[in-house]
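Have a look at this one.
As written, the chains take the letters A, B and C, and residue 1 is the first residue of each chain.
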Amino acid sequence: MATDAMTQARRGRSVEGKPKFAVAFTALFMFILYVPIVVVVLFSFNSKKSLSVFGGFSTRWYQQFFHDEALLSSLRASLLIAFVAMLASIVLGTMLALALERVSSRPARITGTVALIPLVTPEIVTGVAALLFFAGLGMKLSLVTVILAEITFSISYVAVIVRGRLSSMSDEVEEAARDLGCTPFQALRLVTIPTILPALIAAGLLIFALVFDDFVLAFFTTGVDPQPLSVRIYSEIRMTISPAINAVGTCMLLVSVLLISLSLIVPRLLGRKDSSLDLISGG
Amino acid sequence: MSLQVEDALVDATTEKRRSPTRTRLWGVLLAPPAIWMIVFFISSIAIVVMLSFGHVNDVGKAVFGFSLDNYKALADPVYLKVLLRSAMFAIATTVISLVLGYPVAYTIALHGGKYKNALVAFLVIPFFASYLIRMYAWSTLLADEGLVNQLLRDTGLTEGIRFLNTPGAVVAGLVYGSIVFMVLPIYASLERMDTALIEAGKDLYHSPLQTFFAVTVPATRAGMLGGVLLVFLPALGDFVSAQLLGGPSTYMIGNLIQQQFFEGHDQPLGSALTVVLMLALLVFMVFYLRATQRVNRET
Amino acid sequence: MTDQISTPAGTENVTSETPAIQLIGLTKKFGDTTVVNNLTLDIRRGEFFSLLGPSGCGKTTTLRMIAGFSDATQGRILLGGQDVTSVQPHKRNVNTVFQSYALFDHLDIEGNVGFGLKRKGLDKAEVARRVNDMLELVDLQGRKNAKPRELSGGQKQRVALARALVNRPEVLLLDEPLAALDLKLRHRMQVELKEIQREVGITFVFVTHDQDEALTLSDRIAIMNNGVVEQCGTPEDVYERPKTVFAAGFIGTSNLMTGTYSAGAVTVAPGIRIELPGHPELLDGSTASIAIRPEKIWIADFEPDMVRVHGQVAATVYHGATTQYLVNISPEIQLTVVEQNLVRSRHDDRWSDGDSVEIGWKPEHVVVIG
């Protein structure tokens, strides 16, 4: 049954004969990928104030973190920034994606391209630009300016993800809604949006994770107090070496992993296939 | 959908009547995000460009102007060296990411079997940990008294190696920071590739390695190009890796910009540096788009 | 120019005679290509009307213009006597069954079918009642709470049908609704579709490129080619009396011959005159195209009034229920003859290739085209 074996191979896309080297290499790659992360987590539980010798298990750095009002206010600030930026960019990014999928007049196409530029612009450029913009307007740097900058960056992200999802949705579905008595807006509200909702949720979770962790934009646009968590960590890293940073880092890691896992799972729970994994690896 | 707009135009010119498909909705949807992007992105980039021709006045305030002084100042060898270094670092990062990332994408895509999705998720998760934290983790690992040197000393082979403050450490940091953006597009293009191609190639070429270079690599050029873009762009503008893993001797253009805005207080000069960075990326993008067009035409 | 073709019935005197759909000079251009060209067509109330034609001939485009998803470049569309050319899709009393079904993934079957009624603002109980009735009609009452992705192709198709029908539109548009189904299911759905149409009495406009489907289901068929209607008539009309060469060739197979008419017969080849009684409109010396259906040609057991021609068997193809013979009646003319295999079986071939035979047909089965 040679053909059986072949279809089997095709299904799994395993071309017979695994190159052992490639497999070993990938294993090593994955290992190195996780080394720094594991080390951060491990040493966040170190009882010693050392980053190279593990003295024993302790939660002292977490206690220190949870009693450090400055760090806690930074944590709250970061959560707030991520949450507001997520909501705003989901709304604006989805509007952009919907419009761009359907209009293709020249101004619309230009807008579409412009909306993608932030994705291929290094964050430092966006950061500098935002800083000068707010300075030019005479705006005092604060969480508000961070949020505005993060929204700008995230809109493009959301637009790309949502456009990807929309393009795999048949035009006929929206036409069917029109056919059954919907105005264009009702078709959008009652059919298109609910259809892409899992993708929107996944995108929202991704954006939250990205913004929560973001350093560069926040660094350029934040005021003094409270600072986003990543900015606070940056200044602490440069001043001292303290395992308390490991505890903070571990907490941030936890938030990210939680969000990413959710974005992988939620669409599946809703019975749809479009999880963030496809959004990331497909795009 | 584009046709509906054209239809509307045809209609408008041939017969006066309302189009049943025309709606203002898309325009209404487009306006807010478009205005947002124009206000917060385009205009802010424009300010950077304008300020790059400005100067700092007597009371230390940045003002607009029309002079090329900032650009002339950048012609100084001190700056040129940093610009060149940034380019070298970014190129090295891209090449290393490609060489390291390809086998990983290949293994997962073609030999991942039913664990493929899990492996991709496993690969992606670390990249959602804060970039800063990850760089910080490497800096503690590679420190003179860090874990790696500790282990090296325990083996008794060496007295320890100086990692930090070297170009190697900065590039390694950059590779670590964005290699996933190389792996994923290549993975996607391998996924789309017909494995029958490889089977056919095996009959044609002698060794698996020959088959790999003659069949698989060309079939995944689009993915590699995507990866090159996604790795090169952030690497060229990065300053965190050089800050945490390097030092003044390994500074990149991003560090110079950051200095001008946070230490040097010469914002017009910082703006000029930012414009140079954007121009470099523009040049890169032009070549990049040409290359993708060629690949698209060939496939 | 289209306005001269016909003046549509004013809305004030709508009668039961008013066609359900009138297309007047309907034209659709994409850029420079004309996809639907000056189409003028009346579709009667309660009829099962098919648009039949090869791929790319403009069937879907026509349907989309009727539904309002696509703008007509020129011409007008009247529904029940009312000009709807510039009316938005949601205000047209038309519903569509899409080729891809286009079910709403996020709603269950009940939600899908009740969608249009809810839009109309009917109260909950009424919606539920009508959805129930409709699901019963399409035999899906047990799957009310299933999601579309849990259904088979045939079930999805029936949901799509129910979702459109439940609104009791004046007109139901169906774009190749059966194309995605396998042959057996397709035949079953054809029967169901026809039954449902009879039951509800709604005008169906049915797009297909399957001629058998069109012939079995339709009250009338419009044969489309390159954006124009080649012929419009009952299945019998278009099959037995094709008006154009394309119509004759597209529906079933046809033996087409061209020759010069004189004295009640057409000379299709030197020495071969085919009798053509009862065509006073043909002038002596004019060129005439004629067609004879393969099953109308006999190869034995002739009846007395038959025209007979000599020929040679070129090939024999066994089809199970029928056998097809290719018979050369002249070096240039090969006729296809189909014979029902009523008594014989595969092995008792009556003729083998190269045999001389006589074939015959009744004169009234010769159709003049054009």
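Assume a contact is a pair of C-beta atoms (placed from the backbone, for glycine too) under 8 Å apart; a residue touches a chain by one contact, two chains touch by 3 or more.
Quantities reported herein were computed from a predicted structural model and do not represent experimental measurements.
In terms of inter-chain touching, the protein chains here all touch one another pairwise. Sorting all chain pairs by how many C-beta pairs they have in contact places A-B at the top.
Each chain gets one centre point, the mean of its Cα atoms, and the points for subunit A and subunit C are 54 Å apart. One inter-chain figure worth recording: subunit B and subunit C are separated by 57 Å, centre to centre, where each centre is the mean of the chain's CA atoms.
Per-chain CA centroids place subunit A at a distance of 16 Å from subunit B. Contact with two or more other chains is made by residues 68-69, 88-89 of subunit C. Counting only residues that touch two or more partner chains, subunit B has 23.
Residues 29-31, 68-71, 73-74, 84-89 of subunit C are the ones that touch subunit B when the two sit in their complex. Of all the residues in subunit A, the ones that touch subunit B in their complex are 9-10, 12-15, 17-19, 21-23, 25-26, 29-30, 33-37, 39-40, 43, 51-53, 92-93, 95-96, 98-105, 108, 111, 114-115, 117-118, 120-126, 128-133, 136, 148-149, 151-152, 155, 159, 171, 184-185, 188, 209-210, 213, 215-216, 220, 230, 233-234, 237-238, 241, 245, 249, 252-253, 256-257, 259-260, 264, 277, 280-282.
If you check the complex, the residues on subunit B that touch subunit A are 1-2, 5, 23, 25-27, 29-30, 32-34, 36-38, 40-45, 47-48, 51, 100, 103-104, 106-114, 117, 120-126, 128-134, 136-141, 143, 145-147, 149-150, 176, 184, 187-188, 191, 195-196, 198-199, 208, 229, 233-234, 236-240, 243-244, 254, 257-258, 261, 267, 270-271, 274, 277-278, 281, 285. On the subunit A side of its complex with subunit C, the touching residues are 170, 172-173, 175-183, 186, 190-191, 194-195, 197, 271-272.
Every residue of subunit B that touches subunit C in the complex is listed here, in rising order: 3-4, 6-8, 10-11, 14-15, 17-23.
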